[in-house]
Amino acid sequence: MTVRLDMEKELDTENPVFIEGLAGIGHIGKTTVAYLADHLEADKVGELYSHHFPPYTIVKDNKTVDLLKNNIYQLKRDDARDLVLIEGNAQASTPQGHYEVAAKIMELVDEAKASEIITIGGYGTGDVVEEPDVFGAVTTEKVKDEYSEHGINMDHDVGQIVGASGLILGIGHERDYPGICLLGETPGFLLSDPKATEAVLQSIEKILDLDIDYSELDEKVKESQEVLKKLQNLKGKQGQDQENQGQQDLGYIG
Amino acid sequence: MTVRLDMEKELDTENPVFIEGLAGIGHIGKTTVAYLADHLEADKVGELYSHHFPPYTIVKDNKTVDLLKNNIYQLKRDDARDLVLIEGNAQASTPQGHYEVAAKIMELVDEAKASEIITIGGYGTGDVVEEPDVFGAVTTEKVKDEYSEHGINMDHDVGQIVGASGLILGIGHERDYPGICLLGETPGFLLSDPKATEAVLQSIEKILDLDIDYSELDEKVKESQEVLKKLQNLKGKQGQDQENQGQQDLGYIG
Amino acid sequence: MTVRLDMEKELDTENPVFIEGLAGIGHIGKTTVAYLADHLEADKVGELYSHHFPPYTIVKDNKTVDLLKNNIYQLKRDDARDLVLIEGNAQASTPQGHYEVAAKIMELVDEAKASEIITIGGYGTGDVVEEPDVFGAVTTEKVKDEYSEHGINMDHDVGQIVGASGLILGIGHERDYPGICLLGETPGFLLSDPKATEAVLQSIEKILDLDIDYSELDEKVKESQEVLKKLQNLKGKQGQDQENQGQQDLGYIG
Amino acid sequence: MTVRLDMEKELDTENPVFIEGLAGIGHIGKTTVAYLADHLEADKVGELYSHHFPPYTIVKDNKTVDLLKNNIYQLKRDDARDLVLIEGNAQASTPQGHYEVAAKIMELVDEAKASEIITIGGYGTGDVVEEPDVFGAVTTEKVKDEYSEHGINMDHDVGQIVGASGLILGIGHERDYPGICLLGETPGFLLSDPKATEAVLQSIEKILDLDIDYSELDEKVKESQEVLKKLQNLKGKQGQDQENQGQQDLGYIG
């Protein structure tokens, strides 16, 4: 066993939308799907473990330990499409591992007879922006038109999508699932980017016709803006220091 | 499954020449065989996928995604030898992966009962040359004499051939297939080298007695020459700057 | 076979405490458990070998060679809980290897029907301290309360536990074994840290109600304190040299 | 298959001495055993291939290609112990690969019912010496005494033996084969060190009571001494340059 699916309950959704968000740049994928699972009160149905994950356990704030894992949820909805969600704090640590974890997740997609796949990640641009974009990459030209109604930016220069979000959409495309990968625009140096997460959530809200309460996320956005401001002040100050330093460095030339 | 051969059609060639060109230095292998497949209107018969490929999907210009893969083509010819071609945008990302992908490709060579193997790659020399050479490495002394009629340079200092081109020819030799690896001479720093690609194509044209239309490639050669000129101007300028810098650096010594 | 358990004798302990200490930072894990095995005169019952260990043999002082391995011991006690110990000079050299070795060790834990798991390692802080702490991470809140009676520091900022100590406790938690990981506080740059080892041993002494003779370890603590003093003198001297150097470096600016 | 033993002939030696020398530091192992095989006119009986070897083919001087491989020889002797030899231009490229290749070679040792194992490598000291030593590491104290009659240095500070030479002796020890690893003392920066190779051959000559003709090797020793002299002159010159440079660097301080 190198990847193990540990289901507590059988899936009983009907042609659900399958949404994936795992550890990655700005933790946008994981945070988005965890927020969805939490605020929609989705039902946890299983876990995915893998020998391809990094070889450590997490020590939580209360000093208890947890293996790295991905959590699987389902949500049955009367008036809208059902959902199956997978989110977690780990991705594989080797190329082959990435493919094997994605293949196992696709077993879940196949079993669920998903009607659509949405994978979520971040795209680091190096720049801090006021209103982060959501970049989209899709399985077919046809679905691209449908998604572009939801304000997703389809005019970008993302050339490849690394890890689960890329591979699941790619394998999905091969197996004729329609789908999209949503990539939140993020500076790339933030451990967590709630603002980009919020932008992605708003796209999902439109795609799935949800009604999401952003209050908790808004608080985190405020906090992260403070952190960002401090970082920028620091950087500005460093810039000045470096400039001074530069003048000193040139001192011996004149 | 770590390497999967996904055949849409069965091969029905007779003792074809098997030609391989995959992602690599200057993309000479992939571009050469893709050009052959396109201009000879070869028939696509299958694809090769592998868990050993780098773990990402490509986002194409139209924003649809594709798994990394190798494409397999066949071409039946009345008046000349049949061809089986494999080209693609990926090679394995680990040593063991390289051997496993090569072993799977050799299954295809065996099944096709190939009469000859031609593998294609690039050899980076660090130098920009007007007329790139095509360096050859062969399975036996006997076939070397035959190939040298076609203007292939057999007097070079290539010491090893890394990846699919090397391993397929090596395993081929072990299994008594005659064959050659053609390496286009390339500076090594070009992402794509259409000029070296053209040189290799000209060798293949002679070996296989083909009649190739180079018009599309010629355009790309022109474009790449422009890029190269800009790069060299830039480098020349940098050289001057560094020289000036050097004089400044010495300023404090005197 | 990638991990092999080579048992000379069957385990005949009853619900033992399972204690793991392998190669790692400051060699605290290995040294602690080896000291326990030696001073409690535990009975060697087997060895664990793995293709995931680093690919070399050890040359001992007498110039005979030994494969890297982990040693397994048991100790039956009339008036207290039995023990099963595993210590050794190697851990896996890849992520997947770490999980596979941990999975094999867990087979032993399961077979022994262990009543508790204690894993041991070091935590490098960068600082030399007079009285090294022992940091704890546990399987459940409930056992945390029990362990904190034994002077184990549960108020620290260890965020993850890499390797066997982390994975065995994590998998143990998943399988409902109660347990703790004890991490000796160590500067991080010491090849061997007997002082931190002694601190961990004292915690184990309390947990298991043992009576350990520290005389041999005390000698090593003295030796290592000498080494440390020399290192610090050296560092102090370097600091001064660097300061002088700094003044010289600034010389040309003024 | 990750390691494949390809035997052309069955072994028909009786309790042979098994001698291993593969690619490694100063190519002492490979060169020693290849020299033995050649000069004793041993009979080639098979080859070993592995997916764990580095993923390239060798291009030989005549421009034909060869997969990396290890060659197996046997030599039946009327008046002395039979020999089985393995030499080659490759070792595994990963930790697990090293163990798997060594395990496959040990199948050969077991099948041959070897009476003794000799593995050969180099030990880089950083120093050029007039008379390179041969360092020994053994399976047991008992055999150490026997080998030390042959002028093998058993008073050294080699702490570990990486790769096939170490693992084969280590596994051999585990399976009760007597044996020794001979490590030729070498500066470490030489691609090939015929002088250290000659020293190792002289030890083997004594152990096996052979009569080796060193004439070919002597020529190579002369050649390598020339190379070494040039390297040292170069180094001496660089040293002087650096010294001058140092004086210039200090120029601005005074």
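By written order: A, B, C and D. Residues from 1 in each chain.
In this text, a residue touches a chain if its C-beta (ideal position, glycine included) is under 8 Å from a C-beta of that chain, and two chains touch if they have at least 3 such contacts.
As the structure is a prediction and not an experimental result, all values here were calculated from the model.
Going by the contact rule set out at the top, which chains touch both chain B and chain D?
Touches both chain B and chain D: nothing.
I'd like the angle of the rotation relating chain A and chain C after CA superposition, in degrees, nearest 5.
Nearest-5 rotation angle for the superposition: 90 degrees.
Look at both sides of the chain C and chain D contact and report whether the same residue positions are involved, with over half shared, or different ones.
Counting shared over all numbers used gives less than one half: different.
Farthest chain from chain D, going by mean C-alpha coordinates, please.
It is A.
Rounded to the nearest whole Å, what is the centre-to-centre distance of chain C and chain D, using the mean of the C-alpha atoms as each centre?
For chain C versus chain D, the centre distance works out to 36 Å.
Report the inter-chain centroid distance for chain B and chain C in whole angstrom, where each centroid is the mean of the CA atoms.
51
Send over the residues of chain A in touch with two or more other chains.
97, 252
Which two-chain combinations touch?
A-B, A-C, B-D, C-D
Which residues of chain D touch chain B in the complex?
2, 51-59, 62-67, 93-94, 97, 248, 251-252
For chain C, which residues are in contact with chain A within the complex?
Of all residues in chain C, those touching chain A are 92, 95-100, 103, 136-141, 144, 154, 156, 158-163, 166-167, 169-171, 173-174, 181, 252-253.
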